[in-house]
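The first chain written gets the first letter, and so on, giving A, B and C; residue counts start at 1 in each chain.
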Amino acid sequence: MHPEDLKYSTMHEWVKAEDDLATVGITDHAQSELGDIVYLELPEVGTAVQKGDVFGTIESIKTVSDLVAPVSGEIVEVNEELPETPEMVNESPYSTGWIVIIKMDDPGELDDLLTADRYERFIQEG
Amino acid sequence: MSYIPNTDADRRRMLDSIGADSVSELFEHIPEPYVLDRPLDIPGPLSEMELRRYAAELSGRNINLDNCACFLGAGIYDHYLPSTVPAVVGRSELYTSYTPYQPEVSQGNLQAIFEFQSLICQLTGMEVANASMYDGATALAEAALMASSITGRTEWLVSSCVHPAYRDTMRTYAWAAGCRLVESPRTGILTDLADVSDRVTDQTACVVIQNPNFFGAVETLAEAESVAHGNGALFVVCFDPISLGLLKPPGVFNADICVAEGQPLGIPPGYGGPLLGLFACKKEYVRQMPGRIVGATSDAAGRRAYALTLQTREQHIRRERATSNICTNEALNALAAAVYLSTLGKQGLRRVADLCVQKAHHAAEAISSLPGYELPFDVRFFKEFVVKTPKPVSGINQRLLAKNVIGGLDLEKFYPDLAGHMLLCVTENRTIEEIHLLAEVLSQ
Amino acid sequence: MTTEPTIFERSSPGRVGISWPAVDVPERPVSELLGPENLREELPLPEVSQVDVVRHYTHLSSVNYGVDTGFYPLGSCTMKYSPKVNEEIAALPGFSALHPYQDEETSQGILQVLYDVQRFLAEIGGMDAVTLQPAAGAQGEFTALMLFKRHHERVGEAHRRIVIVPDSSHGTNPATAARCGYEIVKVNSGPDGLADVSALSSELSGDVAAVMLTNPNTLGLFESRVTDMSRMIHDAGALLYCDGANMNAILGINRPGDMGFDAMHFNLHKTFSAPHGGGGPGSGPVAVKGFLERYLPVPTVGFEDGRYFLDYDRPESIGRVHSFYGNIGVIVKAYAYILNLGAEGLRSVSENAVLNANYLLSKIASAYDVPYGRRCMHEFVASALRYKDSGVRALDIAKRLMDYGFHPPTMYFPLIVPEALMIEPTETESIETLDAFAEAMLAIGREAQSQPELVHSAPHTAPVSRLDEAEAARRLELRWSDAGD
């Protein structure tokens, strides 16, 4: 159901780690709950974030949600396509709907994230 | 009568249906000490007939603008109200509806407001407009708050030629939000732009100019704009919607936000309310703009339709992070303004503006030639001008009233250094006979 | 039904909608008078004949639904019938053709109206003083919180930075508190739908400036523990505010001032029958206990030696919140309404509003969950959760109601009830209307189970079908343009 090779946060974000780079997006569950995405407020490249910081917002017609950094580091890339085509987050949340890439200060923080199984259970419980 | 259709028999049936003996049973859970044990101490009831009679008598105790030649302006104006306006806003499908949160049954209101937003953009040369604020004063306060939100700065630099009641309102909102109003002084009845330039700092969120200003004088917007933008502040203009029939609009001056009191656009003076706050800004700031906004879209059959949009900025969704707390606005007055602008159109608005300018200048000339009267300030003006009087303004106004003429504002009310000066307004509603009567009484 | 083109599409160069008299003063070139550098080059407004203007707006009105069209059970909005005599009275030139700066001697009639309404609202609310200046309920809330803020400053408690609101509050409550620079703390309601006293107690501290409650609350339940809460709140040095949007349940029966509230606002366009105008104008007067009177916005209306006057003598006032004295035209309608009804009339408004709501609740309870019991005040919240498995949500039921000729109730508010439909019939509806609405709700409940797609794709008979609101937010076409961009 949720890709096994990714890690997940309790804020319904996924993380794909390659070396010290973490690509971040929102999960399929999150996009479904939010409804049609109409807008994203994204950070500037170069912004430093701590794990747990709000780094942007994601907006549907009925709600606005915070985007919370799952790991600490520097924002090195932002998905420039999203402002024009926010619906990509709904259509392919795990591929073209990626949101930012963070250069991690401490890849050890990945261990605090959930596996696909544990994320599934987290959704069932909540 | 309380407009309650149900009779005792209907109520009996309803009580039986819900298994209650009496209506008072439905209020039993209210702790007894807090149930009012006496009738409210208010008058009435009056039947409709008695109410009409009483209202006629009470309203008859007021001298009203239909019976007078009004030369008083200062923020509320006796402009002509075209007959199409009450005909449209009196249609109860439009005025008894609620906020159009259910667009499928509210296309009337929604399309009218979309057109209103469009007309305000056309009038002001701005990119987007909202569906209204309470009045010019609160629109201006919200503009300053928006500027603070965009720039992250807390100082509002406002010309003292901006309407005193607007500055007072801004002061209250500034205090509430932890911002600071800084007033820049005047030279005569114009903003001292050199002083504005000195006063602007890296904490200035916005530079605010009213044009024409409270005294009716035309300001040099281009200079104010460069001071604002040269210092990273937003340029906020408060305008007169009728004047834009002739004057260059704020959009041409690169204003970031512009606001106005929309009462001149088909809304009666109403003793000062309800009014109409106009609010427009650059498209890049649309997500920080307060108030409701209507957007175009399609329905399931592909037909063009309209809906409230960007609601996520508003209180009912964003709650404490909303751009403003505004919910109810002045929608029906926005509709009135749309009807007004549609009825007048390009030619009509130009015509009204021109009539105001011609008549105001004729009156100014006539009065300045009266012994003891002068126009002490050499400024360009639109429909209002300042006159220095040889005798106290209050006495002059008393004599005018005896002839069913309402004289201009005694400027001492707001500007102590302008005691002995009167702010006169001449709109398209004033005839040459009325202007000559004014001059005649002034000369006595 | 074809959609009505915009007014701009009815425009043709040279058309005019109204004629003007010739200039009757000697004319001078406008460029000379205003300066050529100040003149605009183009004025891109439409040019439409009067017949087309009138037809355009007449058509728009015909696709719009108001209280005069039919039942409008929007919870929390009190969509009662707006008496026509009130419209007439407010439009009398002696009330509407008045300039706010005209001499007070010439406006004694309107000043009396304002003075009387101040007094009536104080009596109805159980309070001591009133400001009529706020132009809407939200602005009333803002004004009241600033009165609290000023009071705390004056008594050396300016450090208080928190405002407590229940999780069921109207969105304007936290939005307003944020506007005043306060931090918002949310307190969960108890399982009975009332504010949880112990939850509130645990949040009260020396940092709390105010607590904002609605009574009856947004679930339509009377907060019977307000006096206990008021004591706790005042002992903690905080103040208590009443959102008076739901006054229609308790007129002449219960008064917020008697329960320990320090300030409240009224919505004249809800409780006092002024029409909603498609979203406004409203009027949100604030009534306060005596200790707050000194901070009220200026001016209020006073009466001395047989004359009414605008009273600016309030050195500790928080200042202005409006350019003049408030939404006078709306206040005049409320005045006429109060006189028309009198004390017994106002009381019967609430009795009938509450009876109507209870009756309607009982008629639909078989098909919808009503989480907080079988008794309510003037409104109740039903849940459409049971239909979710069929793919039908509160939104779909609301849209399907349009096909039955009704305006939907409020949806998804308060946030604490899932798939919420908040229903407020008001007292001006007959038993027949209530029965017809209940029948429709039950029929839709059956459709949700047997023909969910019919409900899911509603409305079918409204002037337009369901709109793509996501497209509206993405497209952001917020004004007409002939380039169609």
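What we mean here is this: a residue touches a chain if its C-beta (ideal position, glycine included) is under 8 Å from a C-beta of that chain, and two chains touch if they have at least 3 such contacts.
Note that the structure is predicted; figures quoted are calculated from it, not measured.
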**Request:** State the chain with the largest centre-to-centre distance from chain B, centres being mean CA positions.
**Result:** A
**Prompt:** Measuring from the mean of all protein Cα atoms shown, which chain centre lies nearest?
**Reply:** C
**chain B and chain C: spacing of chain centres that average the CA atoms, whole Å** = 19
**Item:** Distance from the mean Cα position of chain B to that of chain A, given in whole angstrom
**Value:** 45
**Asked** Taking each chain's centre as the mean of its CA atoms, how far is chain A from chain C in angstrom?
**Response** 39
**Fill in**
Multi-partner residues in chain C (2 or more other chains touched) are 469, 472-473
**Prompt:** Which residues belonging to chain A are in contact with no fewer than two other chains?
**Reply:** 39, 59-62
**Complete:** Residues of chain B that touch at least two other chains are 309, 312, 317-318, 321
**Message:** Quick check: in the complex, which residue numbers of chain A touch chain C?
**Reply:** 35-36, 38-39, 59-62, 86-87
**In the complex with chain A, residue positions of chain C that touch it** = 412, 469-470, 472-474
**Message:** Could you list, by residue number, the parts of chain B that touch chain A in their complex?
**Reply:** 287, 309, 311-312, 317-318, 321
